[in-house]
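In the two complexes that follow, chain A is the common piece, with chain B as its partner first and chain C second.
Our next item is the complex of A and B:
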């Protein structure tokens, strides 16, 4: 019965939340005490599991091993959430081109490279990392675990009630089965509703961190705006219907993106605070990694989404690495018209950066497929500039 | 989109336990013709994966740090005792640092895939791959590179262990009783594990034993002994007729 009450209470919170969210002042920052240790059976159990996971992740090849990048991200977390707090997280950059980050209950913060490619400035990155840190600080994994356990307990009992009614029949059996199914559905739905509420809380706390930080709080909503546009572009390219951003699906673990963008924008406006965006620092930290991240993105086989993303990254100024990436993108789709466009992008990249050997390679391959006799010359230049390239033998066979 | 760590809940959704999974399932295999050198084998124990906890009423795994710590201790003692009886020496690997740690992580991951493949494509007779259909065939390898794990230890074999115990909570047991009254079978508790021995010179898997329903309470020294005898059933060089594989406690 206690469990049922918990579920009902959780549902009540969820129903009430959007109403309360209207004039919701930001939460005050929780008091911080260093080196938190897990308390109680459930929390210690969860930490034990993720401690083991973290050992595995730490030694995994999926993790990008770059001390400079890692210390930069640590600095961003510190600038976002404040100095002593940030020392409780370990950051792991995982090579995964999808836009995501996650936080384990023990302070293991996983940042995917797809996030690093998409944030336009350091303030956006700080907002996302602050959101993840908020999950940690609010001990969301533990609370969520307990809620899921209560909800699944209710579901199991409702299932037994339905089975009993089915077996023993009686006049009220049909109604009992129907009611039990409703209870199961409600309990199952409450798991996702609870998760959405936690995400909202993490968003709010992240905004509170931003308020106390040197960053511009308006950036968080900007990020979500572009996420929606990119998803639209991807859907268009795949001839799929775009997601509805104004509705919450039953199984959604996060609030609808439009809703997030809207309340984050409102909060930022209410805060009436401007701040730095730290774009130069982010660009400097990512300059060594961007070619790799762009190459990973192109391999996602998402032409429209990637083209949108490249355009967003470029803004008013197409740099050589973005032009090169766009050339690779168009060449990978490979329609005759794409090859012409690709050759143009490679040439533009070479104008800015004549030492870019890979641009000559792409240019040559695009020209070759367009039956352009200039192809051999481009490929020769590639080989001359990069004689030890891994594909040099293969490229040489093309120009004989 | 900014996920948190997701605690699996799927198991809990299936209230009705599946009847009899894979009746014809085999539990262990040994490389044909393999003989463990008598009384001289040095076996490197790779950090075992051991999880112990409870099973909630709804069927979720509730990890328990104390039980897991007890089980780790008890299983280590029981394992050393069992191997000493066979005349083998168990070496506990130091935690690797630097590039060695990456190698170790790689091979631990590879072994879990390997064990999973053996269970799925060899032990499950109805699902055997064509190359695994010959009688007494047991040809699986991790490659000779696995020798890197033995550097400086002098070990000839590596032993991998996986053990997961979910003890049915009181709530789960009550649910089970009520469900039984409605003629629905609910499984309370889960006790599964596997153990494998890899030849560190060739990388070949020489023995694997997987059991999805084991007995013995790993939280107690006696229970852990029973568990180890089941985990090491048909271990090369042992002529033990292992303790009867009782169903889950």
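Our next item is the complex of A and C:
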């Protein structure tokens, strides 16, 4: 029985830890000293493992090696979190069309191309990178690791208590076993609750960075709003039920998206600060990469989600690259009505950018699949503009 | 007692499972053989091993040295509305479907998109596309390069495809760029050259 009390007490500490952090809305920026070295056995071990991961990632084929893009992203981190802080970060851009970024405890920041495609301005990007940097600055990996270890210790000891009660019996055996099981469940749940609390803390610190930066803090909530809408569109297209954004699942590692969007919006309003969104700088940095990222997105076979995303990227102004991407998207689904729409998008793209040979290719192929005799003419134009295209021989046989 | 009966049960399970796991069969050289439960018939110029596990309903894979080292996959008549191979997750990662109205130039895209979704990689490129005759029809030949997720091996491949009576017939070859691709490409091409379709 005594052992059980100890278990319960340990349990209470594990569960109480994440709840204690509530209070002031925005934290003050932690003091910064450069060249932080890992302290203690746990942290040194953790860093050693991620150092190895970083060495492997550096040489990976999935990493985009573009010094200009990397230095731009580094500048964004610096503008977001402040000058001396940002120097400790190494940024790796990974070709992955999913929306995500992650931070390792040693300062390795991984940015997926799906994030770069989805942020509408530099302020949104800065907010996400600031969130990741906050995990680093608050040493969340280490704290999370220690919490997981304590929680699993509690689970193991509760198991011992249950086994003891089962073996030796006695009057309170049944209740002891039941209690031990509840303790185990709660300890297991605390791992995920703790992770959600860390995400919340990182969100708050990210908002504190934004407050000190030149950026508009309202952008972070905007981004989450669009993420939910895109997921809804994807679910609709796949005839699935959309995810509930207001409910926290037992195993959720992040707070519910709606909750995040709501508290981020409230914080931004309370800050009462306007700022730049840096959209022109982001557009200039991404201009070389956007066609590739759009092509990667179209490959995902997510028609509704991609169509929503393209619409959001376009806003009021459909540029030639977005029109071309939309043509490719509709042509890939390939229903007769899609082919007609696709031809329209390619034509609109060509109006803005008559030198786009690939738009003639798409137009010609969409017309050919709809059995439109104008196809041959469009494909001939493509071949004339791009005589050395990889598929030139194949396209020539199509129009014979 | 409990323990012994459990280990006997486990051993029985293993014995039972063994033939299923080892159902790879030797394909002799120079003998015509129907593949992928379809009218597609090929005559290899060397010995191959047919893998017991099929990638999908109308397909089968052959290898020389083992799965992932040199794979020839036959797709024997994929119908409209079907995916090229079994979906990894129908809910989260649905694969694109074949349609009989597709042009030959849509086939490399269908193949590349299916691979990049199933293998979770954006590192898949079509390197060349050219017209060819396949199964007595107008067909398409294309070459591709890809790397699987979290794996740094660069793999190269080649495929020929044609649409016969509204169904997709395709034979693909893929192998690591280092050593295997060059060495085994002639054996793959021999299979393709001798491929016929019974009608």
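What we mean here is this: the second predicted complex is superposed on the first by the 357 of 400 C-alpha atoms of A that agree within 3 Å, B and C clash if a C-alpha of one lies under 4 Å from a C-alpha of the other, contacts with A are read in each partner's own complex, and residues count from 1 in each chain.
Just so it is clear, a residue touches a chain if its C-beta (ideal position, glycine included) is under 8 Å from a C-beta of that chain, and two chains touch if they have at least 3 such contacts.
If you're wondering where the values come from, they're calculated on a predicted model, not measured in any experiment.
*Asks:* Considering only the touch criterion stated at the top, classify A:309 as touching first (chain B), second (chain C), both, or neither.
*Replies:* Neither partner.
*Asks:* Once the shared chain is lined up, is A:223 touching chain B (first), chain C (second), both, or neither of them?
*Replies:* The answer is neither, since A:223 touches no partner chain.
*Asks:* Touching A:349 in the superposition: chain B (first), chain C (second), both, neither?
*Replies:* neither
*Asks:* Which partner chains sit in contact with A:391 here, chain B, chain C, both or neither? Use first/second/both/neither.
*Replies:* The answer is second: A:391 touches chain C but not chain B.
*Asks:* Between chain B (first) and chain C (second), which does A:296 come into contact with in this model arrangement: first, second, both, or neither?
*Replies:* second
*Asks:* What is the contact status of A:365 with respect to chain B (first) and chain C (second): first, second, both, or neither?
*Replies:* Only chain C; A:365 stays clear of chain B.
*Asks:* When the two structures are laid over each other on chain A, which of chain B and chain C touches more residues of chain A?
*Replies:* Larger number of chain A residues touched: B.
*Asks:* Looking at A:238, would you say it contacts chain B, chain C, both, or neither? Reply first, second, both or neither.
*Replies:* second
*Asks:* Please indicate which partner A:73 is in contact with in the superposed arrangement: first for chain B, second for chain C, both, or neither.
*Replies:* Neither: A:73 stays clear of chain B and chain C.
*Asks:* Could you tell me if A:61 is touching chain B, chain C, both of them or neither one (first, second, both, neither)?
*Replies:* both
*Asks:* Would you mind listing the overlap between the chain B footprint and the chain C footprint on chain A?
*Replies:* Shared contact residues on chain A: 59-61.
*Asks:* In the complex of these two chains, what residues of chain B are touching chain A?
*Replies:* 1-5, 7, 9, 12-13, 15, 49, 51, 53, 56-60, 62-66, 68, 101-102, 104-106, 108-109, 171, 175, 178-179, 181-184, 186
*Asks:* Hey, which residues of chain A end up touching chain C in the complex?
*Replies:* Within the complex, chain A touches chain C at residues 59-62, 95-97, 113, 238, 240, 296, 299-301, 332, 334, 365, 368-369, 390-391, 393-395, 397-398.
*Asks:* Which positions of chain A touch chain B when the two form their complex?
*Replies:* Contacts found on chain A: 3, 38, 41-42, 44-50, 52, 56, 58-61, 99-105, 128, 131-132, 135, 140-141, 144-145, 148-149, 151-157, 159-160, 163-164, 166-168, 188, 191, 195, 198-199, 202, 227, 253-254, 257.
*Asks:* Which residues of chain C touch chain A in their complex?
*Replies:* 91, 94-96, 99, 101-106, 109, 112-113, 116-117, 121-123, 126-131, 138, 140, 147, 152, 154
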